[in-house]
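Order as written gives the chain letters A, B and C; numbering starts at 1 within each chain.
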Amino acid sequence: MAGAGPLRAARPRLVAGMLIQLLNGLVYGGLLYILAVGLVLIFGLRRVVNFAHGSLFTVGAYVGFTVTSVAGFWAGLAVSVCVLTVIGAALDRFVFRPLQDEDPIVTMLVTFGLLLVLEDAVRTIWGKEFLTVQPPAILSGVVHLTGTSFPVYRLAVIGVAILVAGGLSLWLRFSRVGLYVRASSVDPLTTGMQGVDTDRLSATVVAIGAGLAGLSGTIAAPLLALSPSMGGSILIDSFVVVVTGGLGSFTGAFIAAMVIGQLHNLGVVFVPEAASMIPLVLMVLVLIWRPGGLAKAGA
Amino acid sequence: MTILALEGIGLTRRFGGFIALDSVSIALRPGEIRGLIGPNGAGKSTLMDVLSGRAGKSASGRVSLFGQDITGFPAWQRRRAGLARSFQKTNVFPDLTVAAQIGLAARAAETNNAAEVIDALELSALAGQRAADISYGDQRRVDVALALVGRPRVLLLDEPAAGLSMAESLNLALLLRDLAARWQVTVLIVEHDMEVIFSICSHLTVLHLGRILANGPPEEVRAMPEVITAYLGSSAA
Amino acid sequence: MIRIAVFLAAGAAGALLPNLFGSPLLLTLLTQAAINAILATGVGFLVRQNGLVSFGHAGFFGLGAYIVALSATNGWMPIGVALLLAVVAPTVLALLLGAAMLRLGGVAFSMLTLAVAQAFYELALRWRSLANGDDGIAAQLPDRILGLDLSVFQQPGSMFVVCWIVLMLVLFGLSVLIASPFGTLTLAIRENEERARFIGYRTLLPRAAIYALSAAIAALAGVLFALYNGFVTPNVLYWGLSGEALVMAVVGGTRAVWGPALGALLFFLLKNVAGDLTEHWPAIIGGTLIIVTVLLPRGASGSIALLMQRMGVRTA
């Protein structure tokens, strides 16, 4: 028993530290996944990248903030997701649909323009100062795990991400709309010819994609400080996730999000200044190894 | 024992569960003009793709060019080794002038004979025009010119006469035969137009359902019962 | 021959400009326009030669600016070497990134250009000990740079001449490149990458080279920016600036190599007129980008070219 003392005491703390690290990585990875999967949905249907996605995240957080301060967190969440869903449908109707026959780059330039416009709109309406949102009362406690504590809210965020991943999986596999989404991801032309109302389908899917961006933003709000440019850094990571996972792949996006989530957090803890570089370096390495990304499209 | 100009051994290509090419072997002697025929869906274009380096991971088997193993070579390296191809669906550079693109191809090739090829394929009058602005028939000749320029050692032609009138097709075919003889180019040509095939090919290979059905001189092959059945069996155009 | 004459004439005209218009405000605007014109030229050239859109060219611009500022302030190396490194380092980075990213296709490539630039922005923002974060760096530039007095680079009148000459040299160099076999090759790869391979060309390296060149041009603009302003903040890396450069390139048109520079001029005229609205500048940029992309895809230079064509003049 003699020499084991200090080592015995150190190990539980190490395990606890690693557990916290892992969980935090899952939290960020979860947020990232919800945001990135919206991008994948939109790309699968419309074959374009929605550069405005980062600002949808931001708008979601801010709308959530405003409604929360009036009617509480749950109302904020519900309203925010609804508003973003509507914005998504409008985005499809007024941007993606009219430009669908043009070179995809045209749509990307337009959504990039929207990114700038929306960022300015948020700054104008809500101002430049940092705002904060409190998590809802039910979820504001801590949970005790192996000698340390972890916020309940963060566990809830992980839970939401799992629900989204699971729900999306089931929806894609078993619902009619999901089937069309998968078919369209692989072959948009044929699906159109099958008599499917591709316009309605696209509007639905883009709306869902935008809604997910809003969801991610709203549930992220209690964890981050709100600022008009908050969509910026998570947008980088979500782009990296989508490309690393393989453009168009849902499974790839999930794996990439989890990995990048962990790496991002490790980076923030150990090399905070260079944390933004880590996902990029990972992505370059993955691309050198597998030029098409981790998974093939449609998977 | 002469070295074969082009040899494909055990070439197989699968698309998921579907086997487009089933362990096909083909051997071209230097200087011959071989016709590759077969009903629709026989695997002719697939074979061309595998030989020319357009197939990627879905293909297996070995390809060698004048004894050199080029199996692992990407497309650009195959061309540098002396294996060129033209395309069934016209594959040119729309915004470049005819002269500019043939010149570009010539600079990468064995001999810079752009002027000679433009002349031979009757493209001189169009040399300064953009490929997008010329007629379909002229574009097809540009497509062939891009493959032919520089005097490749082996030339794969994928339906060079597609969409051309009967007169234009025959014209092109005879021109190709003459150039091939003059420049000592070995040719493998896929064609549906039987007049073209019979006018220039010394030898035919028949593909059916991804396998070699027959090999031999044109007169023999056309009389083989299994060849006739294959063509009649798969509903003809 | 004609080309050299044209550029010499344009160069001289620009050099004489400050003598005609003494107004410091106008000269300041023109100098900024010239620097941005060089950045926009880099962005536009990438579109023209590779058919690719970079949403993150500010990354190379900012990198160039920061290298000059950091080196001058910390005395890492003689200023001449720093200026060289400030252009070479982003170029090499672009070459390496290009080699990895160009395989992916236009859409993914564009996404990643944004991601890369933004990552550098975050780096500059968070690495306070090195880059001083949001507050930026006041570059302590030496009194003499490349044999010239520092004031040459910091007075609008003389700096405009410097930037104008650099712009002319860049445009001249690009027009020579475009007319060369390499220029033809890269255009061919842009139009039909597959056929380019089948006629015997590797296609990745030429495209990476073009990307690297466009990055070098952007970095060069960043160097001029650092010399002129003497003060560098993370905003030089932000996507807002990339957006501005894109607007200039789209508005000016990319078919003519001088198109983006024209776009920069129009852009700065617009900025001058916008005045108080500049508080909402990002929204104006975004809006302009949307409108021009949708309504006028050829941009100003393309429209001019079209007009000249209709009048029977041959255009390059």
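Structure notes:
Just so we're on the same page, contacts are C-beta pairs under 8 Å (C-beta built on N, C-alpha and C of every residue); 3 or more make two chains touch, one makes a residue touch a chain.
Please read all numbers here as calculations on a predicted model, not as lab measurements.
Chains that count as touching both chain A and chain C, per the definition above, do not exist in this structure.
Among the chain pairings, A-C comes first (most C-beta pairs in contact).
Centroid distances built from C-alpha atoms place A farthest away from chain B.
Ranked by how close its mean Cα position lies to the mean of all protein Cα atoms, the top chain is C.
Each chain gets a centre from the mean of its Cα atoms; for chain A and chain C, those two points are 32 Å apart. Per-chain Cα centroids separate chain A from chain B by 49 Å.
Rounded to whole angstrom, the centroid-to-centroid distance between chain B and chain C, based on C-alpha atoms, equals 45 Å. The part of chain C that touches chain B in the complex is made up of residues 181, 184-185, 187-188, 191-192, 194-203. The touching residues of chain A, counted against chain C in their complex, run 43, 47-49, 51, 99, 104-106, 108-110, 112-117, 119-121, 124, 232-233, 235-236, 239-240, 242-243, 247, 272-277, 279-280, 283-284, 287-288, 291-293. Those residues of chain B whose C-beta lies close enough to touch chain C in the complex are 52, 54, 74-76, 79-80, 84-85, 87, 91-96, 100-101, 103-105, 107-109, 146-147. Across the complex, chain A is touched by residues 53, 55, 97, 100-101, 103-108, 110-112, 114-116, 118-119, 121-123, 126-130, 239-240, 243, 246, 250, 280-283, 285-290, 293-294, 297 of chain C.
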